[in-house]
Structures are given as structure tokens and as C-alpha cells.
Amino acid sequence: MLENFLDNFVKVFSSTGFSAITAPNLLMLAVGCAFIYMAIVKEYEPYELLPIGLGAILINLPLHQMGNFFPVLELNEAGQVVKGFTQNAGLLGLAKEYGLFTYNILPPLIFLGLGAITDFSPLIANPKMLLLGGAAQVGVFVAFFGSMLMGFDLNDSAAISIIGGADGPTTIYINAILAPERLGITAVTAYSYMGLVAIIQPPIIRLLTSKKERMMKMEQLRPVSKRTKILFPIVIMIISILFIPMSAPLISMFMIGNVFRESGVVDRLSRTSANELLNIVTIFLMLCIGITLEGNAVCNWETIKILSLGLVAFAAGTAGGILFAKVMNLFTKNKVNPIIGAAGVSAVPMAARVAQEIAHHEDPENHILMHAMGPNVAGVIGSAIVAGYFLSILAK
Amino acid sequence: MNPEFTNGVTLMLTGIVVVMAILALLALSIEAVIMVDNWMKARARAKDGFNKEAIPSETRMMEFLSDEEAAAIGLALHEYIEMQYRQAGVLNISGPEASRWSASGRQGIMASRLNVILRGK
Amino acid sequence: MLENFLDNFVKVFSSTGFSAITAPNLLMLAVGCAFIYMAIVKEYEPYELLPIGLGAILINLPLHQMGNFFPVLELNEAGQVVKGFTQNAGLLGLAKEYGLFTYNILPPLIFLGLGAITDFSPLIANPKMLLLGGAAQVGVFVAFFGSMLMGFDLNDSAAISIIGGADGPTTIYINAILAPERLGITAVTAYSYMGLVAIIQPPIIRLLTSKKERMMKMEQLRPVSKRTKILFPIVIMIISILFIPMSAPLISMFMIGNVFRESGVVDRLSRTSANELLNIVTIFLMLCIGITLEGNAVCNWETIKILSLGLVAFAAGTAGGILFAKVMNLFTKNKVNPIIGAAGVSAVPMAARVAQEIAHHEDPENHILMHAMGPNVAGVIGSAIVAGYFLSILAK
Amino acid sequence: MLENFLDNFVKVFSSTGFSAITAPNLLMLAVGCAFIYMAIVKEYEPYELLPIGLGAILINLPLHQMGNFFPVLELNEAGQVVKGFTQNAGLLGLAKEYGLFTYNILPPLIFLGLGAITDFSPLIANPKMLLLGGAAQVGVFVAFFGSMLMGFDLNDSAAISIIGGADGPTTIYINAILAPERLGITAVTAYSYMGLVAIIQPPIIRLLTSKKERMMKMEQLRPVSKRTKILFPIVIMIISILFIPMSAPLISMFMIGNVFRESGVVDRLSRTSANELLNIVTIFLMLCIGITLEGNAVCNWETIKILSLGLVAFAAGTAGGILFAKVMNLFTKNKVNPIIGAAGVSAVPMAARVAQEIAHHEDPENHILMHAMGPNVAGVIGSAIVAGYFLSILAK
Amino acid sequence: MNPEFTNGVTLMLTGIVVVMAILALLALSIEAVIMVDNWMKARARAKDGFNKEAIPSETRMMEFLSDEEAAAIGLALHEYIEMQYRQAGVLNISGPEASRWSASGRQGIMASRLNVILRGK
Amino acid sequence: MNPEFTNGVTLMLTGIVVVMAILALLALSIEAVIMVDNWMKARARAKDGFNKEAIPSETRMMEFLSDEEAAAIGLALHEYIEMQYRQAGVLNISGPEASRWSASGRQGIMASRLNVILRGK
């Protein structure tokens, strides 16, 4: 009996996490805590970094099944089913597998909600801002080139470079298809730099613009009618998807959400897309990202490379937007303050706020926030199209 | 240069061109939508004698009003509308449409817009 | 290199939708826009027609995967698994497949929400209104007969004729089982005629009733106690399902939602069923209906036949309700205004409003709205039982 | 033709539920109605007993498919797939199968919501209350011993004894793994006794404490800083899961929900976890529990045994908490009123209210509610750890 | 006539009969429920001396009152109840039940119903 | 005694010991967290000259105030803060932080706490 008792103790203690925890796990536990600190104390992107941090802590505590998923079927080489369903899957493992890797439905759902909270008026009032949103995508292509130089293959390079799009769900969507094993790191890199945009962008803006340029005032945006606001998402959806069908999952849900919002006749659908549905999906998407950060999988040189490529992408996107704005000013009548080009990287709405703050600092009477919102939301559309382009060329 | 690398470079360059071209096309389409919208507004103005669309939108007005203020204004103006505006015969508001307006003060804001027009005439 | 560059261009342009778009697609894009116009400008059933229109536009833009679904398994004739899961499924394709075709869970979920917002008091106060709700189902059987005359087989006839039930989720539920390939058209036909009920019903009502009949006043409904309101859904559920077990998916969820509502003790469940859950399910169900409207599948003579059968069903249901009310008046003491029989087709609450408006037009002192709500909600129960009856007889 | 007509009638009537209903079904229909009565009239745990009662009624109406589930695959002995998906599954059957038996994700989702509404301050202010929450788990172990005496095997004994934890989702979680065929009865037993805690506990409390003990006042709890409130769930999560990895599904979601709540920076996630998500999951979890109560499956002697073991567990847990509080008072400076030990069984917040009422009855100036909340929430943590312990030792 | 068609016709006719029969049965069941309800009310009346159930329902009264009005009435009436009604001893309202009433003015409407009864006596 | 039964009994006893041990460890950890928290508060007090954490929490204060009252107090106090507190130079509140405070009266409660401190000095 006592023997039994001791046996049981041994059994319990050998099933504790202490036997399996590794140094990379401990490192990632610290990183998870750091994310939580950044989210709560610094308020950097708390809706992403807090659940990601919690997920990272959870997955680095060993031997539990919350992040597990075993395939519905296990086949032998004769195509015979060796094993069917198993209980041994966890809530977050299931959400990750079905929500991202197998079906990739969480990012489009996020986009439905984002569509329902996005006001495209500043962009509709000044459609050429779409070009600034496009120019900032140069960051993606520069990072793509950089990734290839660092030895990543085409799929991996595309998946990494999209970090420069500065859109979380777009980054997650394309990585879940092209480079699922690296999804956590790329998503976290994107969100971290988005949280740090107020630190990354200002020096680049100051470097590439003169004080006179930064002090440029822009005229009041023309008013936008309700009819135009309803037609805008429908037109964008039709044209984008006709040209780049692979952009449909992101663009269509984004624009459907926006029609819900602007139509004014389906208030319940619009509110639910923008609130409960968006919140529920955010909880699971971000916890899923968190549980991809298992120490033994992510502690390697590749992670360092991705972190630096992400930084290059953000910087190049910022520069691309600013320089394109300056070029555009050579050919157009209504000049734009080149600072708003930097908002084209997306990171909605932080990058637009950065532009506002710099302009406001140079001239306290100058308010360019609404003008910066144009390229800012255009950058979201731009990145979704870039993602569709990559998938058309690269996905199997 | 290995072929994968060449491939990547062309992929990158094609990408920039394609993405910019599509965004430019989107910008042009939006301009076209706005032109159509303006033309429809002009036609409506020619037909109705005033420009309904040019008035600051409900949303914008609402920003300066609390819900209670909007409700009060809306209800008051609805009375005004019921009495005066329909005499003016500019719009044919009646039945369920009229009661929908009075139902909520927020919708009364729409009435206040028409009021602005009437007085501005 | 230049060759490569051009090659890439060719690759991109051959992957655009232009290469694959067909005339029926273009037609359905126009139809999708028309639905959106009806929803926003005319406010005809916006909660259904707006998302359906958006889904129709999306699916008629070719070559994207949003509406795709590939089965979990592909088997060869030896029962061996040739292929397992695939990434190549889209959000709405999944929702359609799992939500409708495979599991058919979206319609019962809608019914849960409808139960939580339905007030059965007018029906409880005057239970014989259930018979008017039954009589209006004659439209279903007339359309069933018409479908057979037009050469449809039994399953197809049942699936089409249920349009006369004027209940969206019931129509969708039974079609997903008996005639999935035609689901989009039947659902859209049902919702469109429901939107047009104020145009379809009045001439039939005027034709079948005299002015004197239309001016009949009805006495105040007796008050209904809370206890009766709670017992009503439980009793309806037990009896209906005992007699027609196949009506369980719709009736049980409808009645469970109503118990949540009337019990007064589970406010959170009642609110969530009636709001967030109903809204989320509506978004996906209606987008799913939209993506069944792929041009090449729906542009054919059958669609025209279904549209006319649907109209016959609505008209016959209206007539059935009115005539039965007149017959009932021959045998009962408390006469009913026969107009309210027309409300038995469901199309909640528009048909009841039509009855009110006609009666009110004949005599401005006459208010029969609450009386018309009786047959109106009874029609929902009636159609669900008809659906269960069809499934008992026909489903494999 | 007439023959056909009569044939059809026979077909319809042979498909009614009357042909298949059994005496146990009728008994369970009465039990379902009794649950609804208790929920609405007595307001005993209405959020659980009302939907459970409705589900029980539904499943005891025969021949419908709402509770059915047929596996995705049917294999022959050669591992070949004989049959794939089938339409013949019902909404609640699917929810039960995927939500509980196969994946067991509903209980952790409930815990996410509970975390977001739980205030751990009273426990943080006085951490030794955790020991009272642990001592009340003695009820689980006593019931475990009793189950073995009654001839249940180890898995069954563990699954039954967890009723003494007085936590619905924990009971459901562990039963879905260790004794799925008995899930409904154990869950219903747990919820019923939780509803009756105000009847079960007082005599035991009065038996084991003197009037003087019951009149003991406790000093004001020390204030708890926001920083501590945020660190608490993170620390609990890390330590519990490190020691008992199998407790992760319940503990991690509970604590993640609590971090959402206490962080103050993700209000949307916290609100959604605590409201819409919790409500939606409650609806389905409770209806699922209801449909496990099929008469022919549950009407047997085992059910009577489980009901008595559950009562023993509640009583022993209450006693364990009280006696441990008295022992603890021998060794500590700040004495506790032993009544609050009874709150350690969980049944949040009823058991804490029982403690308050008894103390308040002895001395109208004595308020121990907040002190009783400490062991009360500690009991939830304690039971989740016990569940993890059972699963580490017993689960395959 | 082909057999499928005959089959369809009989299916249709059976359907009409079956559906009407079930709905008629449902109507009868509801009448039965109402009878039981009335009987229980009568019994309660015989026992308590007045008919609690006959009073217009909360919901119906609420339609004519704003939330604020309901709250005001409810609170006022709750005081009345506390003072007078419990003296009348007709109902034994106390403890949590009483505080639940006062908690929200909306629930006070229930009090107003009792008030109506008292005065009507 | 059969081995399954023995096994069960040891399992039960081990369980009690393990669970109590873990809960005791959790209790000790919480005490440790509280000690760290107190040490950080003390350090902050030493640095800032007053104890920010010791003030009743926002939540607790809010219980006694309606939203309107909180807003009113908050706005008034924000003015006070802007004028006086920043002169005191104890905290460096400016830019977005300051505007966030004034944005919502609820956050102004935080200002009221600082006010309490100032006056208490």
C-alpha cells in the first residue's frame, strides 16, 4: 500500500511540466510576460499583444494538450485509415488548425469586422491617395528581395515580406498558406512593429522631408455623399477580385462589412460584425498566434532574420510612400503634404496619427489627420491586393 | 545568378507594376463613381429645385448634438415639417414615412436638414 | 530576364477573372446589384436581400475560392482515401457546406432567434387562428401540384412548393435536404415575394372579400397569462414533434427560443439568442444563399418556372387563408374579419400589416393588426409542420 | 388512388413518435418539466436547469434527429471507408459530439467567460483561503471512495466523485472524457445539488460549529492593488499547469479570461468573453446536457447511486471545509469564522451566500460574505486541479 | 395518369388533412392549457381572496410608460406597498422578494398592479 | 482487498496530498506577489513622495458615483489638475495623456485621486 502510494507520487511528479521544460521555453515565458507588460503598461496594441502573450505563456508550459491537434485521419500508404478522431486535441489547437492552417477563415472574419468599422470617406474624397497606399507596398517588395538575398525561397520570402504591409490579418492569412510553420513569428513581428510605429517612422520622415514640406497645409476634403460611400466598397470589390481573384477572401469580406456599415439598413448585421463577431474572432486568432510561439520551434536564427527583414520592410514602406508623394506633387495641382505618404504602410490608425503629430509639431495650426487616413486605409487595400498577387503566382 | 533568384526579381518587379496599375484603376473608378454621383445630384437638383445631397450629412450634424438634443430638435422640427413643409409641397411626405420620422428624434435630424433648406430658400 | 518579366505578366493576366467570366455571370452581377438597390433604396427585406446581393456579386466574379468546398475525403471505388483535407476551401463555401448541405444547422439556429423575438399572445388568445395558419398552407400544396404538372419530381416539387410557406429559414432548411442544387433560387424567390407581399396580396384580398366583410370589427383579444405563455411553446413542441418527428429541427428550436423569452429567468440567453446569435447566423446564412446564385447554374428555364410557381403559391396561400376564414365564420359565434386569413401565409410581420392597412383603409376606426398577428405566427408553425411532413414522406 | 391515400396515412402515422415512445421516455418528459418548473418558479439555477429541461423533453420525443450524430467515417475491418458524411445529424447531436465528446471545448469556453466575471480580490487579500478551497475537495475524494465501494471502476469513480467539486463545467469536462455515457446524469446531479445548496449545507454547518464560532467576526480584508490582480491569474496559471499539465484546459482559460478582465486594456475582449460568448456557449452546453438524458439510457439503478454519491460528496465537502477551518484556527493568528470553510465547495456564489446568511442570522451585525467569497472561488481552482490530477493518473 | 403523379396527388391531399388535423389538435391543446390556467387562477382567487392573474400584464402596462415613468411610479408604489399593503396582510411579501421589488422601478409596476387591486376592493 | 481497490485508495490519498500541496504553493506564491507589490509601492513612494497605490481604486470610488457625477467631477478636476497639479511638477502629464484624461469624465476620476493626494499633503 505504501509502495502504491509512493508509486503514485512518482507518477504524478513525472507527469509535471518540470521534466519537460527547456531553456527556449523559459525564454519564451519571459517573452510572453514582456508582451503582456507592453500591452498593459505601454498600451502597445493591447488587443493583439495581450492575448498573444498569454498564448505564448500557455504553450511554453509543457505536456498539456491545449495546443494539440491530431488529424482527423491517419492513413497508411495504401490509403487505408489507420486512425480516426482523437480526443487528444485542445481548444486552441483546434482553433489554430481549423481557423488558420486548414481553412484559414479567421483572417477573413477579422476583415469583415474591420470593414464594418472603417470609414473610407477620406479616401473617397481624394482617390489618388490609393496610389500612396500602393507606393508604401514597396516595403513589401524590398523585404521580398532581402529575404531572397538571405536565402529564403520564393514562398518563404513572400510570406515574410508581407510584414511590410503592416496589416496583421493579411500577414496571418498569407503565412498560414505559404509558411505555416513560421506563422507565429511573422504575425508577432508585424504586430510588434505596428505597436512601435511611432518610434520607427519619425526619423525616416524627418530624413526624407524638408521642414517646408512638413509644414504644407492641405485643403479641406470634399464632402462625400452616402451614395458614393455605398458604391465605393462594391466597386472596389468587383474590380479587385476581377483582376486578382486570389485577393477575394480578404477584399470581399472587408468590403461586405463596409457595405453593411454604410447602407444604413442592416444596423444589426453591421453592429454584430463590428463588435461581437470581431471580438470573438480576435480572442481566438490572437490566442492561436500566441500558441505558435513554442520556444523550441521559434528560438533560432531565422527568427532574428525575420525581425530584421520586418524592420527593413517597415522602413522601406515608409520611405516609398513619402517619396511617391513627392513625385506625385511634381505632376499634380493639389499638392499633398508628403508626410501622409508614410501613412500608406497601414498600421491603421497609428501611422496616420504619427503623420498628424509631426505636421502638428512643425505648425500647431496644421491638421492633416483626415488626409493621412486616406493613404492609411488605402494601404490595407494595397496589402490585400499584394497578398492576392503573391498567392496567384506562388500558391500551389 | 540562379534561376530562382531571377524569377524572384521579376516577380517582385511585376508585382510592383501590377499592384500600382490596379490601384490606379481603382482610383479612376472612384472618380467615375463620384462623377456619376454628381450628375445624379445635379439631375435631382434640376428636378426638385434644391440640392438634398449637398446638406451636411446626418452623421456630421450628430457629432455636435447629444442624443437628447437631437431628439428634442427632431421632434420640434417634425411638427414644423408637418405644418409648413408639406404645404410647400416640395416633398410628398406622408403615412408611414412621416410617422417614421416622428418615431425617433434622431430621424428628425433629417427633418432639420430640410428645414435648413426651406429657410435658406 | 525581360522574358521572365513578360511571362509573369502573362501568368498574372491569365489568372484574372476576365478570362473566365460568362454572360450569365454578368447577368447575375446585375441581379446582385438590383437586390442591393431593392434592399437599400426600397427597404424590401434588407436583412436578407442586402447580404444575398453581396454574395451573388462575389460568386459571379470568377476564379476565387471563397465559395469553394472540397470534401474532407476523396475516395476511390475501393473505399480507399485518395485525398484528405485541402486548404482550397473558402469561408463561405465552408459555411454553405457545413451550415446547410451537410449538417443544415443554420436554419434551426435562425429559428432559435426567431422564437426569442416572437410574441405568441395574439395566437394564444384565439387558438383557432392556428387553423387559418394551416389553411394558408394550401398555397404550398397547390404549388406542389403545379410543380408536378410542370414535370418536377416529388422531391423537387416539395422543395419548390414550400416557397408558399413564406418563411425563409423553412424554405432553406427543406431545400438544403431535398434539392440543394436549387437552394439559392428558391430561397431568393421566397424572400423576394415576401418583400413584395404588399403588392401581391391586396388585389387578391379585394377580389375575395366584400367591402362589408373587410369592415368587420373584431372584439378585443382576451388577456393571456404569463403561465399560458410559458406553457404554449412547450405544449406545441411536444405535440408537433410527437406527431411529425421530422419537424423537430425547426419547431424545437423555435419553441426553445420562445421559452427562453417568456420564462423571464434566463434573460441573458434570451437576449443572446435574439441578438448576437441571430445576427451572426443571419450574416452567414444570407451570404451563403447569395453564393448559391452562380450565373451558369441559375440562368435557365427552371428558374423562370420556380419564380412563377412561387407566385402561384403566395396567391393560393392568401386565397386559402381568406376562404377558410369565411367558411369558419359559417360555423362559429365570434366571427373573424376574413382579411386576417391572408396573414396566415406568414411573411411575418408584413402580411399582418397588409391586413391592417386594408381594414384601416375601409374604416379608419378599425384596427385588426393584433388579430392578424395570430394567423401570421400560426403560419410559421404551419409551414414548419408541412416541411416536417414532406421530409417524413420524401427524405431518404 | 384511395388505396394510395390510405397508404400515405399509414406511412405518416407509423412515422409518428407514438409508435416508439417508452415508459422511461414518459418519465423523463415529466423530469424535464420538473426541471423547467424548478428553474422558472423556484429560480434554482435557471440558466442551467431551464435549457437542460428543454433538452430533456426534446430528446425523449422519439424518432427525430436533433440529437443524432453519425461519425464522419464508417470503416470496415480492412480500414476502408464504408460511408462518409451524412445529413442525418442534428444541431444538438453535433454540438454534443464536437463540443463535448470528441473535442470537449465547451467547458473551457465557459471557463473563459467565468474568468472574465470573477473577482479574485477576496482570495488575493487572504491567500490562505486557497487551503479552505482545497479542504472542501475532500468531498470529492470521499465520494471517490464511496463509488469504489459501490463497485464503480477507477475512471467511473473519478467521474462521479467530481460532482463534489460543485462546478458544472469541471464536472462536464472530466465526464466527457472518462465516462461520456453518464455525462448527463452527473452534470444534472451537480447542478441540482448546487441549486439546493441552501438546503443541504445549513444543517451540516450547524452540526459542526458552535454558536460562538458562528458569531466570530473577521477583520476587514486588506485592499488589493491592480498590479496584484493582474499578476494573480498569470501566476496561478503558470504554477498550476507546471505541476498538473492536465489542468490546463480549465485553468488556462479561466485565468486568461481573468487577465482580460483585470488588465483594463482589452475591454472589448473582456466584455465579449463574459457576455455573448458565455451566453452562446451556455445555450448549447446546457441543451447538450439535456439531450443526454434519454429515458432508456438514464432510467436505471446507477442513476440512483450517482444521486446518492453526489449528496455524500456535497456533504463531505462542506464538512471538510469547516473542519479544516477549525484546524487552521489552531495554528494561525487571524482566526477565521469556520462557516466560510463550507463555501469552499464552490457552487459560486450560492455557498458564499449561505455562509453569510447563517452568520448574519446569529449576529445581524456580522457580514462575512466577502470573506466567504475567498474559499468560494478557491474551490473552483481546487476542483479544476483535482480534475487535472484525475486525468493525469487515469486518462488513456 | 402515371403512378408518380398519382402518388403526388395523394401525398398532397394527405398532407392537407394531416397538417390541418395537427393544427386543430394544437388549437384544442391550447384551449385546454387556458382552461387549466383559468382553473388555477380561480383556485388561487378562492384561496387568496383576489385574482392576481386577471390584472393587465406588466408588458401591456409598460407600453404606455417610459422607463423613467415606470421607475418613478414603481418606486412610489413600492413605498405604498411597504406601508399599507403588507398591513393588509393579503400577501406575505418580505425579505429578498421585497427588496427585489424595490430594486428596480420596472418591477415596481408589479406593485402598482397590487395597488389597483387593493383600491378596487 | 483487490488490487484495483488498493490502487483507488492510494490514488485518493495521493490526490488529497498533491492537491493540498499545490494549493499551499499557490497561496505562498500569492503572498510573494503581494510582497513584491508592496516593495514596488514602497519604492514608488520613496521616489515620488507619495503613495499612488494606496488610494482607493477607481472602481471602488465609482461605486458611489453615477456616470454623470463622475463625468462632472472628472472634468472639473481635470481643470484643477491642468492648472495646479502640473505646477507642482510631481507628475509630468501632457499631450495625449492629458487629453485622454479630459476626454472622459470617468478617467477624470483618476485626476480626483491625485487631487486627494495633493490636498492631503
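Order of writing sets the labels: A, B, C, D, E and F. Residues in every chain begin at 1.
Heads up, the rule we're going with is that a residue touches a chain if its C-beta (ideal position, glycine included) is under 8 Å from a C-beta of that chain, and two chains touch if they have at least 3 such contacts.
Keep in mind the model is a prediction, meaning the values are calculated, not measured.
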Query: If you check the contacts of subunit B and subunit E, which chains show up for both?
result: C
Field: Joint neighbours of subunit C and subunit B, given as chain labels
entry: A
Query: What is the graph distance from subunit D to subunit F, where chains are linked when they touch?
result: 1
Statement: Chain centres computed over CA atoms; the one at greatest distance from subunit D is chain B
Field: Chain whose average C-alpha position is farthest from subunit A's own
entry: E
- request: Could you compare the number of C-beta pairs in contact for A-B with that for A-F and name the larger?
  value: A-B
Message: Shared numbers divided by all numbers used: is that above or below half for subunit A and subunit D, i.e. same or different?
response: different
- prompt: For B-C, which listed pair, D-F, A-F or A-B, repeats its interface with over half of the contact pairs the same?
  reply: A-F
Query: If you average the Cα atoms of subunit E and of subunit F to get two centres, how far apart are those centres in Å?
result: 48
Statement: Here the gap between subunit D and subunit E, centre to centre from mean Cα coordinates and rounded to Å, is 33
Query: In angstrom, rounded to a whole number, how far apart do the mean CA points of subunit A and subunit E lie?
result: 53
Statement: Within subunit D, the set of residues that touch 2 or more other chains is 8, 12, 72-73, 80-81, 243-244, 276, 389, 393
- line: Residues in subunit E with touches to at least two other chains are numbered 7, 9, 11, 18
Field: Every chain pair meeting the contact rule
entry: A-B, A-C, A-D, A-F, B-C, C-D, C-E, D-E, D-F
Message: Which residues of subunit D touch subunit F once you look at their complex with the stated criterion?
response: 123-124, 127-128, 130-131, 133-135, 137-138, 140-141, 144-145, 148, 153-154, 157, 223, 225-228, 231-232, 235-236, 239-240, 243-244, 378, 381-382, 385-386, 389-390, 393
Statement: Given the complex, residues on subunit D that touch subunit A span 71-73, 75, 78-81, 101-105, 108-109, 112, 177, 230, 234, 237-238, 241-249, 252-253, 256, 259-260, 263-266, 268-269, 271-273, 276-277, 389, 392-393
Task: Would you mind writing out the residues of subunit F in touch with subunit A in their complex?
output: 6-7, 9-11, 13-14, 17-18
- request: Over in the complex, which subunit A residues touch subunit D? Could you list them?
  value: 8, 11-12, 15-18, 21, 29, 33, 36, 39-40, 43, 46-47, 50-51, 54, 57-58, 61-66, 72-73, 76, 80-82, 84-85, 87, 89-91, 94, 275-276, 278-280, 282-283, 287
Field: Complex contact set, residues of subunit C against subunit B
entry: 1, 4-5, 7-9, 12
